[in-house]
Every structure is written in C-alpha cells, then in structure tokens.
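Take a look at the structure below.
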Amino acid sequence: MNTWRIEQFGKKPKLNKAVFIEGLPGIGNVGKVVVDFIVDELKAEKLYEITSNTFPHSVFVNEENLVELPKIEMFYKKLNGYDLLLMGGDVQPIDEVSSYEFSEKVLDLIEKFGAQEIITLGGIGLAEIPKKPKIYCTGNSKEIIEKYKGKMVHNKLYGVVGPIVGISGLLLGLASKRKIDAIALLAETYGHPMYLGVKGAREVLKVLNDKLKLGVNVNKLEKEIDYIEKQIVKKTKELSNVSGKGLKKGNEFSYIG
Amino acid sequence: MNTWRIEQFGKKPKLNKAVFIEGLPGIGNVGKVVVDFIVDELKAEKLYEITSNTFPHSVFVNEENLVELPKIEMFYKKLNGYDLLLMGGDVQPIDEVSSYEFSEKVLDLIEKFGAQEIITLGGIGLAEIPKKPKIYCTGNSKEIIEKYKGKMVHNKLYGVVGPIVGISGLLLGLASKRKIDAIALLAETYGHPMYLGVKGAREVLKVLNDKLKLGVNVNKLEKEIDYIEKQIVKKTKELSNVSGKGLKKGNEFSYIG
Amino acid sequence: MNTWRIEQFGKKPKLNKAVFIEGLPGIGNVGKVVVDFIVDELKAEKLYEITSNTFPHSVFVNEENLVELPKIEMFYKKLNGYDLLLMGGDVQPIDEVSSYEFSEKVLDLIEKFGAQEIITLGGIGLAEIPKKPKIYCTGNSKEIIEKYKGKMVHNKLYGVVGPIVGISGLLLGLASKRKIDAIALLAETYGHPMYLGVKGAREVLKVLNDKLKLGVNVNKLEKEIDYIEKQIVKKTKELSNVSGKGLKKGNEFSYIG
Amino acid sequence: MNTWRIEQFGKKPKLNKAVFIEGLPGIGNVGKVVVDFIVDELKAEKLYEITSNTFPHSVFVNEENLVELPKIEMFYKKLNGYDLLLMGGDVQPIDEVSSYEFSEKVLDLIEKFGAQEIITLGGIGLAEIPKKPKIYCTGNSKEIIEKYKGKMVHNKLYGVVGPIVGISGLLLGLASKRKIDAIALLAETYGHPMYLGVKGAREVLKVLNDKLKLGVNVNKLEKEIDYIEKQIVKKTKELSNVSGKGLKKGNEFSYIG
C-alpha cells in the first residue's frame, strides 16, 4: 500500500488568503527553480516534509556526507495582504495512482489553511532552446485565467499543447472538484532532460512578481544559477543514472547496490 | 489503492427495461464514435461522471482553455418501450486489476437501474482499410445472439478472432455471473492507432437503429465527422504522445512536465 | 486490490487421502496437457472455478460463439484407496504478489479436503526437441522424493536447473510451511513458446499411472492430441497475440479493442 | 497486498547494546559475502526467516534436491560488551513500495532489541576491477561517521557517487526518523553482474574487525571463496536467468514453467 508520511516543522501558522505555488521537478525544472528561488529569497519557513514509499528507494549523499531520503517540502511566508504556501522537492510521484493520491493529500493540506488560489508551474519542452521564452496559462476557471493572462501571459494553449502531465496538471483538475481556483503557468524551455530552464524560470518569476507583489530580485536568479544547477541537475542526473545503471570509466563511481 | 469517484448529475431517474450501450476508446474508436453520436443525436442526459486514480495522471486543455480531468461518462435517454443507458469517455482502464474493478463498478451501477441488456461496441483491427466493414457479434447467452444476428450481423467469430480485450470483453464475461444478457457488436476497421473507424461505426449504428428503433440519422454521422475527428483523434493522439514524449521541430510544442 | 472469486459447483465432496495434481499453462504446456487429459479420461467432476482481476482483462470466444472469462478450474475424482484433486486452466498468475496469493488460496482449499500430497507438473525447456524426454523431480521432503524417484524419475536437479518459476514451484515451497508433502515432476521439452510438449506429457502420465494407479490409457493421449492442440495452443497463442497487438495481412483479424 | 511473513526460530534473546549489520545481495554481492562469512565464523544463531509475496515467485533447488523459497534471514550473536544482529539473504525487495515496507519491518524488529547502531554494507561498482578496493562511508549522523572514518574508511562520498539504492540506503534514511545512528560501508568493486567482490568484502571485514572487535579470521575468507561463490553466484545467476528466459544450446537446461 502506498504510504505518505507528512512531518510538520514548528507550529502550524494561521494563514490569511493563502496562495499556494507548486514547483516540482519536471521539464527544464522550471517550476522547481522558481520555487526554490522564492523560498530562499523570502526566507520562507519550512512547514512540512513529505516522504513516501512511492518515492525512489534510495538516499542522496549531501554536502556534509550525510544521507537524505528523497522528499517534497512545503514552506510558508506571511506577506502583506496575503500569505504564501510553497511546494518544492527532489521528486514527483511517477505512476498514475500515486500522482492522484499525492495531489489529493496536498489539496487536503492547503485546504486546511484556507488556500484560495493555486498556481502550478511547469515547462513546455521545445526542440530548440527558446531565445525569449513565452509564458502560457490554463486553469480550472475563467476568473483565474482572466486575472493572470495579459501581455506577459498567453492564454491560447488549446490545440498547441497536449495534456499537462503530472502534479502541475492534476492539481488543477482536482482543485476544481473542491471549488478552489487554480492556474498553471507554463514557460517555454528546451525539452532536453539535462537542460535547466533558467530563462523560462525568470519569465515566470517576473509574472509572479507582477501579479503577487513578491518583491524578489529576479536578476539575482542568474547569479545564483551556478549553485542551483549544482543542486538540482546533480540530483536529477543521479536519479536517472540509477535506472540506467551506467558504468563509467576509470575511477569514476556509479551505481551503488 | 485504486479509487473510483462517481459523481452524479441531476436526480437519479427511474428507468424502464434499460438497455446499456458501452463505447469507450479502442481500435478505430468505433465504440466511442457510435456512443458519442447517439448521445448528441438523442440529447441524452448526463447521469454520472467517473474519474479514477488509475486514469492518466494528466489534464486536457479544452477549447475554452480550461483543464479537464480524463473521465468516463454515463448518460440516459427515455424512449418508447424501453430506456437507454450510454457510456462513453476519454479513456479506458489499462491494466488487469483496474479493468476488472471498473467493469464491476459499471455493472453495479446499471444493475440498480434494472438493466436487462448490455451491448458493448468495438472494432476488429484489420491490416487494410475495409471497403464495406462487416459487423460480428458474440455474447454471453445464445438468446441475445439469436436476437441480434442476421443479415447485418455475423455470429461466427470463433476461430477467426482472438480474445476480446478490455471493457468491451470483460463486461460480457462478468455480466454472465449476474445473469444479465450481454452482446458485443464488433465492426471491421483499420487497425492503425490514428485511424478513425467511421465506416464501421456507421454499420454499427444501422444495426442499433434497426434492432433498438433508435431513430438516429445515420447519414448525419459523416457530416459531423470533422468535428468528431477533431475531438477524439486529438485527445487520443495527445495521450499517446505523453508516453512517447516526442519532441517536435521549431515552434511546435510537446510534453509538458 | 487483487481479488479471487472461487465459485463452487455441486456439493462439496468428502475426500479420502486426497492427492492434489496441478497442471497449469507453462513451458511446453506439459502440466496442462496431462491434467486436462486425466480430467477427461477419468471423467473427474468440476468442483471450483477460479477467476481473478489479476487474470487477463479479456474474454475468449468459444466454439459456440459465446464468451468465457479466463479461468482456472479444480476437479475431483474418487478412486480406490485415495481420491484425486486436479487443477488446470487457461492461465497462471503472472506477477509475484498474485502468484503467492493464488498459491496460498489453493493450499487453503485443498487443506480443507485433507490433501496429503501435492504433485505439481511442469516442463524443462531445452533448446532442441528431446527425442526421449527425461522426467526429473524435486520436492519439499526427502520422503516424497524417495517415493517417486526411480528408473523413470531422476532426482538430481541441483546444479542443472535454475529456480522453478511460477505456481508449480511456489506450491512446493509454501506447502512446506503447512507440513504437506509436495513434489514437482518436470519433463524435458522444447522451450519454444508455441511447442506443445506431448511427448513429455506422455512420460509424466506413465509415472502417474505407475505410482498412483490412475489407469488412464496413455496411448490415447496421442490420438487426442489434435483436439488438445486446437484447444490449448489457440488460447495461448491468442493471449500472447494480445500483448503483441500484431496486425496480420489481408482479411485475417487481430486485436479487438 | 504485499505481505511479509516473519518466522521466529528459537526463543527471542535479550540483547545488550545491539549492533545491526545488513548485507543483502547487491553490486559485487559485497554485503552478502561479508554477512554470510561472519554468520559462519561466529556461528551466529538464526532468529528470523522472512519471506514475502514480493520476492521472486519461484523456488530454488538445493544440494539435497529439496526446494527452498527465496528468503532473507536474521541472526544474532552475543559478544563481549555488545551483541550482534546480522541480516543476509537470497534477494532484496525490488520495487519502491516493497523496499520501503521491508526496511520499516526490519527497523521495527531491531528496535525491539534496542539496537543502537546500524551498519549497512554495499559495493560501489567501478568499470574496472580495483586492485586495492577503497572503503567509503556515509551515514545519518556526524557522530557515527566520526566513529568509523579513518585511515581505512574514506568519508568524502559527496559529489563522487550518486544515490545509494536499495535497502542499504533506505535503512540509513529511515533509521534517522527513529533516532538510530546508521552508517553505510561501501567497498569499491567491479560493477559486472556476475563479479563477486571478495577483495572489497575483505576490506570491509577488516574495518568491522577493527571497530567491532569481531575477531573473525579475514584470511579464511579467501579460502572459503570457492564455496561462497558456488552458493551466491549460482542463485544470483539463476534469478537473472528467470527474467531473461534465455535458452541454451544442447542439453543444458533453462527456464522451467
């Protein structure tokens, strides 16, 4: 049976007009880059750590040479006029059943905080690196699309993209059954597994800054990109190596059994 | 654990001598084309919407740029002398366990309406486009086969076809344990994944018109085919693209993570 | 969740010193050929029909043009000095969990009849057709091996074969935890998926005739082989076709969705 | 549903400052070689035998021509100043859910004995046979790494290896949630599926001898290697043959159905 372990950190805060932003690993890791950056910049506080027996059955070795289970984290930040809930992590559930289960768990959690809006982030994988990535949106209500669409955000996704796969898509569809407005902001990026969609992430950040008055310094993203790349690409590469079990030459290491 | 969410629309009707027709996506989408067309033509009313964590973990973007979870729908229509239950949808369960579970859920539902007959629709995939597709039948009782076979419907399937895979087959076998008569009407069609078996669907419609006095205008099917194609082929293509994760050239979009 | 439906036919008999023989589809279908033949020859009575949502999600079309769910059947036959329980069928569970679950269900059933001995049948797949197939045995106690080994049955399997995969193996291992003596009789056969190991089956029948005084006419096996082949190879071929979804030329049919 | 059967042998002992060492099959079978050798040398007593419906659905034929279910075993040995719990076996769980489930079961078991330290053993697969295999460690606390690192054990794993996959990794991560100190000792070895990492195992044994005062004769390992190889490589080879279903030439046997 799939199990979901949700560990709480600190006291459960009271949130006001909570907006929930999800950014898990995916195409170009656009969502993850954005959420990790916002968490850092706003010094958001950790609220939940989610582990599951559906996540990879492995541990990472971190910079301090200590092991870490793969996990998904939720953070919060109190702001002026509204509060923020943020979700990032090392993985996203892979198969159908665990993706639905996880999405429902997340909706249960944020519903308790009275979340009024859900924003999921993702990438649209192009065959070439886009020079100036466009942002598209779709959602589960006309109202939320109306709120976010504009010069920076295109809303004509129908017919040009296929289904939105994974948590970023499911959260929209399932939130609709709970009458929570939800929107996906999708940035064009290069569809290569190892490509980090920083430019797309930047455009998404600009939209969030504009609409949510986040006040994060978008320019800083590019400066921190070296560190981010080290963190994200490494784990992603490692996770895909595991299944590949590729052996390397000489003294380089690979799969550990 | 697999979950099945059945949402009811409107009041539960009382049905008289209900006949249940199933047409889910499959070879040539013959069943789906037929059921979608009947629902439209008879203006059947929506009764249930079924979603499940075994369905694809993704959402479609519809014409209004809003997201939709993949779903299976049931409709009803009161007619003279008997009433009709119809089932169509975006997907059918894929693995063994969820196919059996889904079929039993459907039988539970229609048994409550006192359904007396089950008709499942499907395609027989040929290696070439058939000029005049033949209709074959098989069932779970000699009586129901006797009722439907005739000049338009062949009943010598044994030895020429293999097992009937999926919901169209399972419903027959499982209905038999509940003493409900069930028949499958299978139209020859071209076995290519992207081919829409409209000609086969037409032949099936003729049979249903003849036997059930549906009174739908078969000729209209071909006129509406452009719209149907747009609806069905698009979703099917998208769903298969997801697993393929194929990247396209230039500005065309593909997989969204 | 995996479900197992066990339907009983007729009254549950009282059995005396029951011996249970299992012969499900497998390499060369040796076990299935033997059990189907004994059931026919001894006119054994049907006791249980087992269906499961772990079996293929499809139905067969039989000679009467009626559909049948894939199933496993148990029969019994009262004999002089001891009684016989026999198990044959269309399929065997495929994955680990359902194979264990099924084996435990079977042991539950036969334990209620006080079964004192279990004989599982199988084939050892060689790369060439053996001229005179040898029979090997292994078991879960020295006593039962002592009883069956001899001129006709070799007992030096260690080191020459790998693990015994599937129900024929699991029943031995799991019976051991219930203190029921169990032996596997394995006949050499050709390891090709479409090969029917009739010669191997004949050698197994000779052993059973000798040890259990079955009194079946072994020579008749070859005469009935045409009929058996039609029955068994057809279903097996169909089941493997389903996954292959192979399309054939011209007017031949294939996958039905 | 996954089930775990834990059979107890003899009376449950009272253990003092228990240290738990895990060595299941994996890269180079380093962990398994070490644990099997210690169990033999110290004449550790068998405590638990664990079988599961997630293990391969097959049985091995042993030297006495009797069948054995695939199993994982736990042993204990009372020593001076502390006691030892040891775990070895034929297999390790393969998929995510059963790996997590198994690890939690193991932690439940050893927690009842008040285990204070967990040592998991594994191999780091290199592309070439290492002349003098190095030992690396990682763990879930700085204290335990401090205790084991030194001239013989390197602790700079970060950045050179990917995630630690399987039970050896998961036990560390999950023990951390139970506040049990846990360390992994990983020996360089050749990453070929059929290679037996005896040299790596020797280095691990030296470390355990040094830190835990085991007092086992490391030199004996190489003398016993023929026997060990026969035992371990055979079963591993067999298990991988099963999935491959490879047929061999002439009179050699293969897959048994």
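As written, the chains take the letters A, B, C and D, and residue 1 is the first residue of each chain.
The working rule: a residue touches a chain if its C-beta (ideal position, glycine included) is under 8 Å from a C-beta of that chain, and two chains touch if they have at least 3 such contacts.
Note that this is a predicted model, so its numbers are computed, not measured.
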| item | value |
| --- | --- |
| Both-way neighbours, i.e. chains that touch chain B and touch chain A | none |
| Same or different residue numbers at the chain C/chain D copy interface, by half rule | different |
| Turn needed to bring chain A onto chain D - CA fit, degrees, nearest 5 | 90 |
| Longest centre-to-centre distance from chain B, chain (CA-based) | D |
| Centre-of-Cα separation between chain D and chain C, whole angstrom | 36 |
| Where chain A and chain C are represented by their mean Cα positions, the distance between them in whole Å | 52 |
| Interface hub residues of chain B, defined as touching at least two other chains | 1-2 |
| Topology of the chain contact graph, where touching chains are joined (line, ring, star, complete, other) | ring |
| Pairwise chain contacts under the document criterion | A-B, A-D, B-C, C-D |
| Chain C contact footprint on chain D (complex, rising order) | 1-3, 52-70, 234, 237-239, 241-242, 247-257 |
| Chain C to chain D touching residues, read off their complex | 1-2, 25-28, 93, 95-97, 99-101, 122-128, 138-142, 145, 155-166, 168-170, 172-174, 176, 184, 186, 191 |
